[in-house]
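See the structures that follow.
Each of the next two complexes has chain A plus one more chain, namely chain B in the first and chain C in the second.
Up next is the complex of A and B:
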């Protein structure tokens, strides 16, 4: 019990924790505050406020089409990565397979290769298989990056699954596929939904892969990057704030869901 | 859920033909499905192939393939290959890296920078992870952790942009300092190593936080109490109990942070300046413009990949815990 008592070092640690919270939140808050500034330039202090940047952003064709494009890519990436990831997880947690540790390690390779190098190797690879830069290349790059996270999430959940569930289904006459769809998949369900949301968010947030694999159509991060590099106005802040709120809320929801499913 | 499955099958057995309801039933009765199942039931090889084919093809084609192709191109003397060209292999791109300080120095800077950022992140995040794992009540741990995780769901670019808000010449810090009359002229903080490391730590702190937290949280409180009862002061308790027992977390956190930092790309583009050119930018330049620079870019990427993975491998070996997980 002594641990939870107030003593000098715990007071220090409490202060440190809140300082760290400030470190994480203050820049984002400043960015949000700037989105209400009534001026064409980004500079502090903010003396007058307006909503006009938000009005401008939600009418901005470029922004809306980037949102649509990013969502479309994220959707396909999530569906494909989930299917492949669960498949690999089933394989790597199958008792009868020889070398599952190696399969697992290789399946997780894209998660440990530094992002920049992965992007470059994909850029070289799509040229070798004659795929042009553009939508398909982006989807491929994002999916390769997302699969390991699904594998890990699915395997963590599979490990806690009593094997007699599937045995029971088999005894009652279900074949392999039915047993998978009606027993294993529902058991994976909660963890998988969280994992899928993470896949979608990492795809929406991704910059470096899109930078090397993208074509002329811009995704959301590319659009914001282009706007930052090409002179700034508070419109970027409004745009970034909208994206921040959306992704933050979805991420928080997924995180809570996954943590609950683990307990 | 188990009950549901059992009930469903029981009903099915009674009715005979309608064994499954809904789309699963439609699927199960279709000739294609029955044929496939029949084949799988007969042959063990077919069963194995069905489980193995797609995952192995995916891993070979998309996880290993790109790296191999990159290695292949890094050895080519004549690239891009025209029709009928025979590939000529050479190590000259690798030699170029070690001869040319234009390439070698940014690489060294990158490694030193990544090591420094990793150390800084460890020092900043450790107290936070310890606070969440041991100081606060277990019931509020999840909430304290979620509060820290939320900002990380904003994308890389957005977080880098928000750092600009803070550090720019007309940013919040300079405005505040001027308001209080501490400075007349803004302190240039952006486009320096300071802004770059500030931004990179901001981007990657999470990769340190989660492994550290999960290893610190697992340390039994009884051990900490025992250390105190035996007369250990806070410092000695930290050095001899907490630190060694959180080694797994330190090793995985540092490995992840190092690997992410060395491949960081967006942050140096927006927060770095002419003095902070680090290796990923050099590689990226080789891929813009004409194709004939690709072998050099590929060779440099391979060098960077090998050295960063060996560094992490050695680190895990030397410091290593029993149960180091990179995920």
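Up next is the complex of A and C:
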């Protein structure tokens, strides 16, 4: 250890790492700290602490309905994206299918196309096919963005699946359909749960697509944006802290699930 | 009697290459039949065609009198034990074995009884609730075997199931497999490239090479009476003598080999007088002694190589005619050293005239 610390290069790298960690966490910690401040102004010093902002948030009808709306959209997006994503993963893993690489690349494209471009093109597209902005349009937009997460996770898992597991199921009397539901899907299970959670998180977190495709009802990010436009208040900090804790916990859980499924 | 399985003139092409060439094979009920051959000889393809995972390019396969050539795997009553076992990793041992029974719609009490009965057969009754990754290689092997046996298939197909095990366990499993086959009275179709496995367990061995059947017969017949060079070298080892046919009497040929008159048994088609033939001679059929023996065949030579193998000693003896023969002798033959003069010979009934 002493030898390690003596190496100036290592001291530099270690110091840089901790600086990065601080840069990452200090804003979050500030935000959290301010959410407990017993004052309307977000500034130091914090003289006294209170839980009143949290009480206000959980009693805020607007907040609750935005959360409910976001969760509802996230749920539908996750279910649809999972069905499409697994289907594409199976297709792209099939040795006999022509153009597997192309199928895979196309399915993953939405993950790298800038959100802004996607949002604008989607907006133009829904107008062209006469779909009004609103819930359905948001779900369309979020789903396209969520599918790649499922495809990548499902394909990674499928690649580690012994090919004769399905053969064994068919040999024991399962047709393709039963073999899929009783062997392939359970095998994918842990990876799918991870992929689904990431789907849900990207949907809940999305602002740009929702902004372009949404109607009058606000999702959580849109509500927070609207509130900030009216000036910062510790209530927004409390809201953001709640979201941070919830998504952080779910994200960590998903990450662990996925990592375990790879072993 | 009608055979249980009948491959009738079955061909299988992959693109332009012929993987199985005009296979005609009948398997009787209750037999342990082995397809033996080097990799790429078509043995696994043949097994997979019976399992329903490959479709013959031409010919038909009947199972219990019914044409199954084009039936999908789940609609034919055969089950496979895969080379890497292919146990379902998300199901317990018990649920793995129950898989085929559940799909047959068997009531759950019956399934439970059947699973326990099978687990007892391989002494794994305490492992029903374990997951496959908690088992050793040999235990997984047994579970895979029981899973395939559970639905009571007409034929159990085994695709090199012992190749993943270490040598000691492999020997043990050979004995266990044979005893399970005898206990259950099931028909086993076993695929392997290991001649020892084939000789130990089989009632009938089918030797395949390059998609064709070279010879079939019971283990002893194949070993003692190989019909061609491939069989004579693939199963055990052989010395080959090039000889000219002098006369043929029934299935005994009189031959001229390097000026010596020798006799050998014909196993294939009758050889023409005057033609050149190859005679196969197993190393353990050859004797070697120091002084000139009073035997019909006694040829002088010199030991050019000696290998001690524990339970036998292999001597390479150079004959004065310029030929070299390998003899397998008791460890007693340690007395013969490299460079020693010896006399060798063999019992004539052990010599076989090959078809090529």
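In the analysis below, the second predicted complex is superposed on the first by the 257 of 263 C-alpha atoms of A that agree within 3 Å, B and C clash if a C-alpha of one lies under 4 Å from a C-alpha of the other, contacts with A are read in each partner's own complex, and residues count from 1 in each chain.
One rule holds in what follows: a residue touches a chain if its C-beta (ideal position, glycine included) is under 8 Å from a C-beta of that chain, and two chains touch if they have at least 3 such contacts.
Here the structure is a predicted model, which is why all the values come from computation and not from measurement.
Undergrad: Considering only the touch criterion stated at the top, classify A:186 as touching first (chain B), second (chain C), both, or neither.
TA: A:186 sits against chain B and chain C alike.
Undergrad: In the superposed arrangement, does A:113 touch chain B (first), chain C (second), both or neither?
TA: In the superposition, A:113 contacts chain B only.
Undergrad: Which partner does A:178 reach: the first (chain B), the second (chain C), both, or neither?
TA: Touch status of A:178: both partners.
Undergrad: Just to be sure I read the superposition right, which of the two partners does A:221 touch: chain B = first, chain C = second, or both, or neither?
TA: After superposition on chain A, A:221 lies in contact with chain B alone.
Undergrad: In the superposed arrangement, does A:170 touch chain B (first), chain C (second), both or neither?
TA: After superposing on A, A:170 lies in contact with chain C but is clear of chain B.
Undergrad: Per the overlay, which chain contacts more chain A residues, chain B or chain C?
TA: Touching more residues of chain A than the other partner does is B.
Undergrad: Looking at the overlay, does A:208 come into contact with chain B only (first), chain C only (second), both, or neither?
TA: first
Undergrad: If you lay the two complexes on top of each other, which residues of chain A touch chain B in one and chain C in the other?
TA: Residues 165, 168-169, 172-175, 178, 182-183, 186-187, which sit in both footprints.
Undergrad: Which stretch or stretches of chain A touch chain C in the complex?
TA: For this pair, the touching residues of chain A are 162, 164-165, 167-175, 178, 182-183, 186-187, 189.
Undergrad: Within the complex, which stretch of chain B touches chain A?
TA: Answer in residue numbers: 1-2, 5-6, 8-10, 12-13, 19-20, 24, 28, 33, 37, 40-41, 47, 51-52, 54-56, 58-59, 62-67, 69-70, 73, 124-125, 127-128, 130-132, 134-137, 142, 144, 146-159, 161-166, 168, 170-172, 174-176, 179, 202, 205, 221, 224-225, 228, 234, 259-260, 262-266, 269-270, 280, 283-284, 287, 294, 297-298, 301, 304-305, 308-309, 312, 326-327.
Undergrad: Could you please specify the touching residues of chain C with respect to chain A in the complex?
TA: On the chain C side, the touching residues are 51-53, 72-74, 78-80, 82, 84, 86-90, 99-100, 103-104, 147-148, 151.
Undergrad: Given the complex with chain B, which residues does chain A contribute to the contact?
TA: Residue list for chain A touching chain B: 2-4, 9-10, 13-14, 16-17, 20-21, 23-28, 30-31, 34, 41-45, 84, 87-88, 90-92, 94, 97, 103, 106-125, 128, 140, 143-144, 147-148, 152, 165, 168-169, 172-178, 181-183, 186-187, 201, 204-208, 211-212, 220-221, 224-225, 228-229, 236-237, 240, 243-244, 247-248, 250-252, 255-256, 259.
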